[in-house]
Amino acid sequence: MDPQDLEFINDSLDRDVELREKIKEEVGELDRKTRSMVGLLNKIHSTPQDKIPPLVDSVRPGLQDLQTTTTAIYELIPPDQFWRWKEMWSNSMRNAVFCATLMEYLTSGTLMSLASASAALGIREEWKNRFTLPAEDYLHGLITLVNELSRLAVNAVTLGNYEEPIRISKFVKDLFAGFSMLNLKNDTLRRRFDSLKYDIKKIEEVVYDVSLRKLAHPA
Amino acid sequence: MDPQDLEFINDSLDRDVELREKIKEEVGELDRKTRSMVGLLNKIHSTPQDKIPPLVDSVRPGLQDLQTTTTAIYELIPPDQFWRWKEMWSNSMRNAVFCATLMEYLTSGTLMSLASASAALGIREEWKNRFTLPAEDYLHGLITLVNELSRLAVNAVTLGNYEEPIRISKFVKDLFAGFSMLNLKNDTLRRRFDSLKYDIKKIEEVVYDVSLRKLAHPA
Amino acid sequence: MDPQDLEFINDSLDRDVELREKIKEEVGELDRKTRSMVGLLNKIHSTPQDKIPPLVDSVRPGLQDLQTTTTAIYELIPPDQFWRWKEMWSNSMRNAVFCATLMEYLTSGTLMSLASASAALGIREEWKNRFTLPAEDYLHGLITLVNELSRLAVNAVTLGNYEEPIRISKFVKDLFAGFSMLNLKNDTLRRRFDSLKYDIKKIEEVVYDVSLRKLAHPA
Amino acid sequence: MDPQDLEFINDSLDRDVELREKIKEEVGELDRKTRSMVGLLNKIHSTPQDKIPPLVDSVRPGLQDLQTTTTAIYELIPPDQFWRWKEMWSNSMRNAVFCATLMEYLTSGTLMSLASASAALGIREEWKNRFTLPAEDYLHGLITLVNELSRLAVNAVTLGNYEEPIRISKFVKDLFAGFSMLNLKNDTLRRRFDSLKYDIKKIEEVVYDVSLRKLAHPA
Amino acid sequence: MDPQDLEFINDSLDRDVELREKIKEEVGELDRKTRSMVGLLNKIHSTPQDKIPPLVDSVRPGLQDLQTTTTAIYELIPPDQFWRWKEMWSNSMRNAVFCATLMEYLTSGTLMSLASASAALGIREEWKNRFTLPAEDYLHGLITLVNELSRLAVNAVTLGNYEEPIRISKFVKDLFAGFSMLNLKNDTLRRRFDSLKYDIKKIEEVVYDVSLRKLAHPA
Amino acid sequence: MDPQDLEFINDSLDRDVELREKIKEEVGELDRKTRSMVGLLNKIHSTPQDKIPPLVDSVRPGLQDLQTTTTAIYELIPPDQFWRWKEMWSNSMRNAVFCATLMEYLTSGTLMSLASASAALGIREEWKNRFTLPAEDYLHGLITLVNELSRLAVNAVTLGNYEEPIRISKFVKDLFAGFSMLNLKNDTLRRRFDSLKYDIKKIEEVVYDVSLRKLAHPA
Amino acid sequence: MASSQTHSLHTKEAVIDLFDHFREELDEQNDRRERLIKSSRDITNLSKRCIFLLHRVATEDTKEDLETRALRAAKQGWGKLRDIQRIFASMKCELEGDLYWRHQKSVSPGLQEYIEALSFAHYLEHETLISYQAVQQTLCDEAGTPYFPLTISDYLLGLSDLTGELMRYAISAISRKGGRAKASDICAFVRHCKADFEGMCPRVRGLSKKQSVTNQSLQKIEDAAYTIAVRSSEYDLPSDILDDIVARSISG
Amino acid sequence: MASSQTHSLHTKEAVIDLFDHFREELDEQNDRRERLIKSSRDITNLSKRCIFLLHRVATEDTKEDLETRALRAAKQGWGKLRDIQRIFASMKCELEGDLYWRHQKSVSPGLQEYIEALSFAHYLEHETLISYQAVQQTLCDEAGTPYFPLTISDYLLGLSDLTGELMRYAISAISRKGGRAKASDICAFVRHCKADFEGMCPRVRGLSKKQSVTNQSLQKIEDAAYTIAVRSSEYDLPSDILDDIVARSISG
């Protein structure tokens, strides 16, 4: 083999290995941070309605803190290689989207848009090609959100909050209607989306239980 | 879901689906072309030495013709999305590298460098970020080359050409020594590289048979 | 291989590939159309009883429109080759059957027969061997119908319609008796039939809740 | 081969074979004993609350009897070879941990610590290096415990005990919160831990059913 | 979960993760070193007999250098945990044994014993329980040696050295007879040992070729 | 289950387990004995022709000694259950057949029939249904014999015995004609029969070498 | 031939003779195996249909109570099962002596499916687990000679599949009158089966995989029993009276 | 019935009627499928035996040359193949019209094995690849009407297996007189097959897996041809004469 060629190839293989190691480390960090936020947010299932705002507030610093790590990853990725490495952090980013959108729902009862979610995770417009939030990952995060809300509907009732399931039902139905208009491929995303109907059914059953017993009155 | 957001997401999903379809078509074309070259080159195993040059010449137009397809793919790929789509054509490109390097070996007895291979396949320096030949695919092509040369060593002897195995042995050993210096990960490439030792053993046995019977004399 | 034979075979294979492409396109169309009907019909869960007829009426044109696509597929399929290609559209047709039979139930409260369903989807008697509705797909559609009705039983009560669950209960029990007549293999249909028992159980629970609360006043 | 070396190697291979046979026998014994305890404890699902203490008491001798077998294994293991052989009994020990911790829960409603579980299985502090209970196996046992408790929540209600699910819910949530703080690798343990959320969801739904109907009141 | 217990478990899990990382690094080092020795020794197949001694001498420093890494690993391993971690470096150690025993064969024509091999790799008697060379790994190394010698028999003849195959034949037959007396389990080692007969057959065929043509005379 | 039934079943299962253990022990014995014979017979490859008879004689006691073990197994097997357990010793019996037929070939140059082989292994006609030698195992033994003879043809020449390959060639060709009579399933026997063709080819090559060099002087 | 079998073979013809004999034997065994596989497939199919028949009749929507329907189902099932027994009878001569164990793997799949159907019919009639002896008796000729020895393993693996069918039966029956009591009987019955089989797992290959299916079935029955318990807990009336109220409110 | 089929169903009886009809249809299809699978198994077995017969006769150790033996093998093979064709004939009525495509998966395995045997016999007789039309013709009644349409896929997958049998034939024949020329013919033939099939791989499911087996077979033949070339390279005599010398030295 031509020595120059060999050196060039060897350098490029070495650089990739090293880069992978570095990204791995940052992704580990990202993972730790999102896991910890998920852990805190898990408390919504046993928190009375009036204690929810302080709970969300306690998670906010964690969300802001993500920016350090997303920035670190952005700085590692060579221009134009976003798609080469993104599989490494997709999962963590989906969990981060879940956290951000759940916090938004708990605060304002509304759906956080893709652009706002990107911003909330500290991703800047001008980073694209090196670090961005693809629509696919945003949608995965939303599906996790619905999974969690169906659980919340159940637990809210246990805590005596009979209005929450009705609010959740409305929110989730709107979201589902939006999703239904997307042209999804036959992949994980479609399969997860198809499974949403079980969450919706569960929420409907809670609303049924509550309204049958006249505990709350769906509009 | 916010209608604007929905439209944006839907557009981006649709564009991806469409792009995938178009790339798929061109990759089909690429596949057909490389398969046909491989088919023609397969004749080396039953072609006497003096008919090899015209055989290689007959394949050359096919090689040049690849450029139309690589250009077509290049034009389809959005800037910076090379790594997103490259899996779709990796296999075909590896076969193309195999053809180009085999033709070079048959013509000059030398190893075609990564840069020359890129050029031979019609890939331009300035395309990078949209279409390039990564070292990994070049190396895969070379391993296929060694697989084929071990078979050629055997068939050359059957055709009465006792010098070829010795030439092949030297070429392959140099190549193997080069490969050995690379820092390969524990992936397909390493596994394929490790399997090269069977090819080398086979070639050595052919050289042994030939030299034991004084049919040819390794330098 | 004799060159003439080779050409013959290559031509046949090309024709099959081309046919598959064309069918795929039409099936994509069929899929889009049924998905959109399913989306509209999904509104029954939040629609008060008296608004159901106009809702069903709004879906009817979509159902009639299916005929264009089923005709297009019929025209593509060579005589006697229905079973060769049907896997490609089974799923869409099952959804279409679901829509048609749900609309019938909502309108007349009765079960649409296989023959009526075929007719509703624009399939003609004289097409058989090229395009028909096999019992298996009709049965799959019916199971989807029961899945949906068990959800409707719940939501109807939420909307204050206490008669619907009782009507659904009778309808579904008859259907279950029919399904019990079949000897099924260990396939999807069997698994879905098993799941149907849970839908019936759910409907029974709603009927139980409603009757014990004396909310329903049977004639 | 040097005869002395040969003899040394042969002896060491033979000793390993023999040792493996002996351990296997004791592990068979351990397996039989834990299976029989699991079998008895399985009756909790059909035993009314007031009959639980005698049931647990009837299992206690079995638990104490384990000590004979753990001692036998301890005596077989050469100093420092604990990690060489432990795979052979991991499974049985995890089941034993499950039994011990379930019995503790049924008796005192509390979580048995790693140290207490070791003691309950007859393992002595001074055995370490030859026989100990690694944290990993203790955690596996706890996950099995949660799986079982989610089933118990359901069956307790069937038996008319509406308070049990609430007790279980609290116990499991504490346990889950503890687990969440551990830094688990991506292995079987993490996968089993991740699946706990289904058990928790199930328990929450039971608590929901019970509290919706005012059958019991979560604190 | 009891906080103290939790802390204890967490510490132990963390320590394991950290230790694994450190060992991994040293094993990477070990791997690089043995690979490089294997690469150098690979030249025996094209080296004339009289140039073998200097070739072996050039590898010797590499062998001595292993000691730094084996010592580093030894120092990492907690007392009594040898068997817990040894899978991580078994492969590298087998390759190292192969190098050492091949060098011994090339130098003295004799088989290096297990004790000498341990010593050659820098392993000290007093390390046992933390780092040792188990018989199994030594035997794996010997099998790799035979694989290599069958290749050497072929290549020696190509290089005009007709006596080498006869020497190899004798050496390998003695080794095989020794192996035959071991009581191997039905595992990888037995499978690899069973495959030795192909190497022996190959060597016998080379000896046959050479003696048929009166190029050398087996004793 | 009725307690009496339960006891009956548990007893039968225990008896089977116990029987299996006992058979396993005897099969271990059988295995040791045949391995040792195979080890001794392995020396034919380096034994001059005139020393073959004493070598064979030295193995004969081992062969006779097999009878103790075959009798022991026979006595363990319940009537008609031969096929239930035979997998446990098939391998050993095939090796035993190989030894017996090789000894017969070395002594008389002829093929030992199935009946004679059975007798030689101490199997009695009246044992059938409890212990017999099925055709399949006899055939496997013969294929191992051919594998060994092709090796012997090579080594005999090395030892200066130029007649042996010709004798082997005739013997093996007859055997091949016999095997060709069989209709085999796609099983191990088929695969091994395919491999037998390569042994024959190898033997033919030796015969070719020997006759063309006029080393053999046929009567 | 005789001589070629008991001595060493000196001529090519003798070798050919010997192998000719092997060919006949191998071909015969292979043909027999094929016949047995075909019969086993037939038995599997008929057994599956028998199981559907049992479900069909036992859950029919008639005015009778569950017991009456179960007995009628069992009675009809026995007819089908006798057809299957006739196939086993026809296989007798292919499975005599040591032939049974030689071909056991070809017979097992059908046999286990038959045991599943048989034990389901037996349960519907007697509400007990059919005994090993009773199963073997259905596989005997008039003189009581078994067509072939029933293995404990086939018996247990066949029974293990029964729990899945019982789960289906319980779920279908549960919303009928008397179905709750039935579901709770089945729940206890399956719980016992699971407990009985547990200790046999290490000694019967394939049983522990089936146990996990049994476990799933059991949980499905438990969940169903739970739903009913929760549902009726809100009312202070006995379940019979509740059932009547519901029946009246629907039947209108 | 007719009315229940074309209108909505207002009564339980009408629903039951409809499903009764479905049951008949499903049972009928299932029974047919079982019959076809059994026939397919029979065909597979007979085809395998036919292939063994072809090998046996073609490599018999007689004084004749390879061609004579190959022709005799083919002739005997045709007899066996006609037996198989009779089974196909008997399946005709089960595969009429759209039934063929409905049950294609049950028929394919036997059909491909038959094509393997048929093409082997054809090769022995003609040394060419049997054409698609010729295969279809063997599956027609006397009037030339096909029993069912032969798919290109079954044709190619059957042929692809032929290369393995040719490899076995070449290896067995190679040490006979004239065997080297035969091996070299087969080598060229298989090389052509491989090249012809290559371009079809992306369009025929399962073909590329079989191509890799073909590739292995081809390398085995190449290796055998190589050994012979190397072996005779040491002598300056034409191979016929070398063969004679060897024959004389052995035959003694």
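Per-chain numbering from 1; labels A, B, C, D, E, F, G and H assigned in written order.
Rule of thumb we're sticking to: contacts are C-beta pairs under 8 Å (C-beta built on N, C-alpha and C of every residue); 3 or more make two chains touch, one makes a residue touch a chain.
All values reported here derive from a predicted model rather than from experimental measurement.
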| item | value |
| --- | --- |
| Comparison of A-B and F-H (more C-beta pairs in contact) | A-B |
| Distance from chain H to chain C - Cα centre to Cα centre, in angstrom | 42 |
| Distance from chain G to chain D - Cα centre to Cα centre, in angstrom | 34 |
| Separation of mean Cα positions, chain H and chain D [Å, integer] | 57 |
| Chain E, residues touching no fewer than two other chains | 177, 181 |
| Contacts with two or more other chains, residues of chain G listed in rising order | 27, 30, 49, 61, 199 |
| Which chain pairs touch, all of them | A-B, A-C, A-D, B-E, B-H, C-G, C-H, D-E, D-G, E-F, F-G, F-H, G-H |
| List of chain C residues in touch with chain A within their complex | 35, 39, 42, 45-46, 151, 154-155, 157-158, 206, 209, 213 |
| Complex contact set, residues of chain H against chain C | 4-10, 12, 15-16, 18-20, 22-23, 25-27, 30, 97-98, 100-102, 104, 128-129, 131-133, 152, 155-156, 192-193, 196, 199-200, 203-204 |
| Contact set on chain E toward chain D in their complex | 1-2, 4-6, 8-10, 12-14, 17, 79-85, 111, 113-115, 129, 135, 138-139, 174-175, 177-179, 181-185 |
| Touching residues (chain side chain G, partner chain C) in the complex | 48-49, 52, 55-56, 59-61, 168, 171-172, 174-175, 224, 227, 231, 235, 242, 245-246, 248-252 |
| Touch list for chain E against partner chain F, complex | 173, 177, 180-181, 201, 204-205, 207-208, 211-212, 218 |
